[in-house]
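Two complexes, one shared chain (chain A), two partners (chain B, chain C).
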Partner chain A sequence: MKKLMLDKASNLLLGLIIPILIVACMEMVSRLELTTSQLFVPPKLILETLIFLLKDGELLRNLGISFLRVTSGFLVGVTGGLVFGAAMGMSRKFEEYVGPLFHALRQIPVLAWIPLLILWIGIGEDFKVWFIAVTVFYPMALNACAGVKGVSKSYLEVGRVFDLGLLKRVSVIILPAALPSLFTGLRLSLSIAWMAVVGAELVAASEGVGYMMYRSRMQLQVDTVLVCIMAVGLTGYTMSLALGKIELFTLRWRRTDS
Partner chain B sequence: MKAEHVMHKARGLVVPILLLALWWVIAWNRWVSPLFLPSPEKVVATFLSLLGEGKIVANLGESLSKVVKGFLIGITAGFVLGLLMGLSRTAEKLLGPLFNAVRQVPILAWIPVLILVFGLTELAKLIFIALGALYPMTLNTFDGCRQLKREYLELARVFEYSRLRLLWRFTLPSALPSILAGLRVSLSEAWLLVIGAEIFFKTRGGLGDMMWEAKGKVRMDVVFITIIIIGLIGFLLNQTMTLLEKRLLRWRGTN
Partner chain C sequence: MKTVFRALLTIGVLTTLLSGLGLAESKPKVIRIGCTGSNRPIPGNTFGILNQLGMLEAEFKKDNIKIEWNVFKGAGPASNEALANGAVDFVTFGDLPSIIGRAQGKIKFLAVHETRRAAYTIVQPDSKAKTIADLKGKKWGVSYGTAGHLYWSKLVDRAGLKEKDFKAVNFSGGDGKAAFLAKEIDALNVGTDVYDYISLGQAKVIYGTDQAPDLKGTAGLVVTEQFAKKYPEITYRFVKTYVRAAKLGSDPKNRAKTLTLWSNTGTSLSSLKKEYNKVPLALILDPVPDEYVISHLRDGIKFSKEKRIIRKDFDLNQWIDTSYLNRALKELKLEKYWPASDVNGTPTARR
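Here is the complex of A and B:
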């Protein structure tokens, strides 16, 4: 037990070495004024800016706006992807009809959708939500399809033996069995959603974290930019953790499964 | 069996053909403004004229050169990093946490920082693309290194193979599938980021820029064309990588 704790402690320390070195480096470089490069701002300034922005409420406000966008786009895209992917997984016919087009459109890098969507729906809230939804749709659909296809044949046979209707089959057999894949899709979609919202806000927004980064960049405020980066990273990470906890909770019956 | 196969493929064409027909009908009847949905003929005509002007080839070449450069830099760095962390537990503990922390940040968020530090230059774009290619490559190389089967490791120890021999003969070959998968993912990531770089860094040249300009001038037809080309190139790059993967892993047989 003691060895385990010692191991964990030493791991933590080792992991902190490089970040501490970087911070120390930045501090030294800015003190000695070795370079005029914008990147080396004194860490103290970053901390001060962080506190200021938090007090001001500006960071939280923009973060909140981005968070809302992410959540709405995520929900729309994930639902669509789930339904579509599940349909592809359950019905051979459907997959044959829709598959080629689906995979063809999938080749388009998500960022290439931006100009098209802007021309179609402008640069309002709708655009950001739809863009995130489109970005999130594909990974979710793929994972849903894989998850549904991966349902053990024996389970499906049980459904047939008991003569279960479609709705019952989906809710009682297919969905629970596909859950692990679905959660993988959700996790992937979440990080993609954050990327999408930052991207959308960098080019077509007047609020939100991405916009904040854009504006501070224009005003050459490196400290604010770095604060935003950390904020986005942290929020994304927290949401990931939350999702992970939900996953563990939802799949708790699996641990007793042989 | 053959007939079934043909039917299967034929079904796949039904929806695209229907959509094309729908597109043509809508454009013909002008149910939607031509600004929203240009007619198929217009798109083809514009494509041919752009091709004639050489604009497509020029921009395509520009984007491709970026993706190749950024990709090569990124996978080299990623491979080295992944190898380091994969082979040495100490390196993993030193670099791992920082790497994972940085990974939480969406890659696009680095753009403002890069612009501030390097300006709106080619270098900034290359670093951006390389960063994107670096993540998957590192993760996959790292995973691959850790995949070496216990038995092989023991075998090497019994024969007292040198570290180098262990690496070259055992670890790397067993890591090859992961590494090749990493290459594939890195390439598509790099292609995505080339387009992103051309949009977000707002400088001349490349397909992304062509698309953005077209958006500004509300030239939907050009936007359509660029999207199709971008998607096509992405697909081709992916296919090339997959073929390479299959070829290099032939010796694996049924392993």
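Here is the complex of A and C:
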């Protein structure tokens, strides 16, 4: 146990070496005035801005708003993707009908959906949630389809032998067996959801961390932009870690199996 | 030994030749200009005259210097980004972006580009809002980092409110207009094109610089310190041509032609006529930073620092460099052409 904790601590320290080196280089460049670029910001100013924005409450308030948008869009998108992808995986006929259109639409860059969504829905909250949902729909659908198709034929055979109905087969055999792929889809969708929310808030928003970044960019406040990037990165990373823990718990049977 | 001697001799000759080339290189190949445009890639005010009459091209033709015009729909913030990337040499932009640009980087304020810039707050034609306080909680289109942002920020401050009291939606270029006309936002800050909105029944004005003249904006001509240091004579000739263009626009005899040139930016001629009937063009285009302009900029710096729009304060006297302008005015015998305005904007004859 002690060895495990020491291993974890040393891994964490190793992971911190490069960020510390980057900060040290930035500080040196700043003190020696090696660049006159307005876009270069000393680490000290970034830290001061971070403290100010935390005290002010503005950073946490906007991050919270973006978090709610991500959560709403993520839930809508992955639910739709899961159902659609599972249906494609389970029914060859369904896949034949919808597959070509699905794969064609998938090639469209997500940012290209923005003008259309704004025209249909406007620039309110709905636009941001639906934009995130559309963005996460595709990776979730693909992984759900792959996961369902990858369910072992022997498991399905067991279902037929026991004469299980569709609902029972899906809930007891197909979904549990497809879980590893589904979690891959969830993790991918989560990181894409954060990219999407920042993108949506850059276009037309009055609050949110993407809005903060865009407003700061217009005022050449590179320090605030960097603080927002770090905040989004940290929040996304934390959510990903939490999802990882859920995955470990849910798939604990896989570890005992092996 | 011989080889070493020959190598040293070659290096010495090459160095002399190359440095000789450097000494001879006292002119740039291109002068890169940044300015604001809206619907069309044509700037307004003095730069509009320079651009459409090709005055800079004519001035620098004999030197084989190309003039590169970069007209940004993203207004002041886009100009600041271009300055930060070293992509432009001369820029005109509004008070707030020029303050932000100076706070972050090394630029000199050479001359005034526009004073007494009007701004108005419009709402939907069926809106019940009559005052700024009535817009609390409503969506208000703002262009952060522009002169309009400073107008909006001061307006909100004056009403005893905070920016957080409104849902300020950031727009750049013509996006704010599109959102307003699509009724996606409740209020928008506009300039001289306000009359187009009113004449078409698309909006009504609830506040503006007619009620608060001290909120009128100022725009300036700046140059990067690097360019001015490397090419002082080119900088002077640029400013001299600029002053000639300002004189052309200020002359009452050229009023109709000037407004017609400016209507090519996309703002209708009727709107321009209505706006510029209020103030003589000579006051708008006066390139000399007088007490009115200096006090406005000083106030703008102080306000921006208080609102944390800029992080660092700076000395206005270190920023404004009128040496090129004064020399141009003397050579063109225009030292007393434009009146000097006091802090309140009241013009008096120059001594």
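General observations
We take it that the second predicted complex is superposed on the first by the 235 of 258 C-alpha atoms of A that agree within 3 Å, B and C clash if a C-alpha of one lies under 4 Å from a C-alpha of the other, contacts with A are read in each partner's own complex, and residues count from 1 in each chain.
The rule is short, and it goes like this: a contact is a pair of C-beta atoms (placed from the backbone, for glycine too) under 8 Å apart; a residue touches a chain by one contact, two chains touch by 3 or more.
Note that this is a predicted model, so its numbers are computed, not measured.
In the superposed pair of complexes, A:Ala87 makes contact with neither chain B nor chain C.
Considering which of chain B and chain C touches more of chain A, the answer is B. Touch criterion not met for A:Leu251: it reaches neither chain B nor chain C. In the superposition on chain A, A:Asp223 makes contact with chain C only, while chain B stays out of contact range. In the overlay built on the shared chain, the residue A:Ala204 is in contact with chain C alone; chain B does not reach it. Once chain A of one complex is fitted onto chain A of the other, the partner contacts of A:Leu45 are limited to chain C, with no touch recorded for chain B.
In the superposed model, A:Ile123 lies in contact with chain C only, and not with chain B. Of the two partner chains placed by superposition, only chain B is touched by A:Ile108; chain C is not. When both complexes are overlaid on chain A, the residue A:Val172 reaches neither chain B nor chain C.
The intersection of chain A residues touching chain B with those touching chain C, taken from the two complexes, comprises 37-39, 214, 217, 220. Residue ranges of chain A in contact with chain B, taken from their complex: 11, 14-19, 37-39, 93, 96-101, 104-105, 107-116, 118-120, 191, 194-195, 198-199, 202-203, 210, 213-214, 216-217, 220, 222, 225-226, 228-230, 232-234, 236-237, 240. The touching residues of chain C, when paired with chain A in their complex, are 77, 80-81, 83-85, 100-101, 104-106, 139, 143-146, 149, 166-172, 175, 179, 182, 184, 308-309, 311.
By the touch rule above, chain B contacts chain A in their complex via residues 8, 11-16, 19, 35-36, 90, 93-98, 101-102, 104-113, 115-117, 188, 191-192, 195-196, 199-200, 208, 211-212, 214-215, 218, 220, 223-224, 226-227, 230-232, 234-235, 238. On chain A, the positions that touch chain C within their shared complex are 36-39, 45, 52, 122-124, 204-207, 211, 214-215, 217-221, 223.
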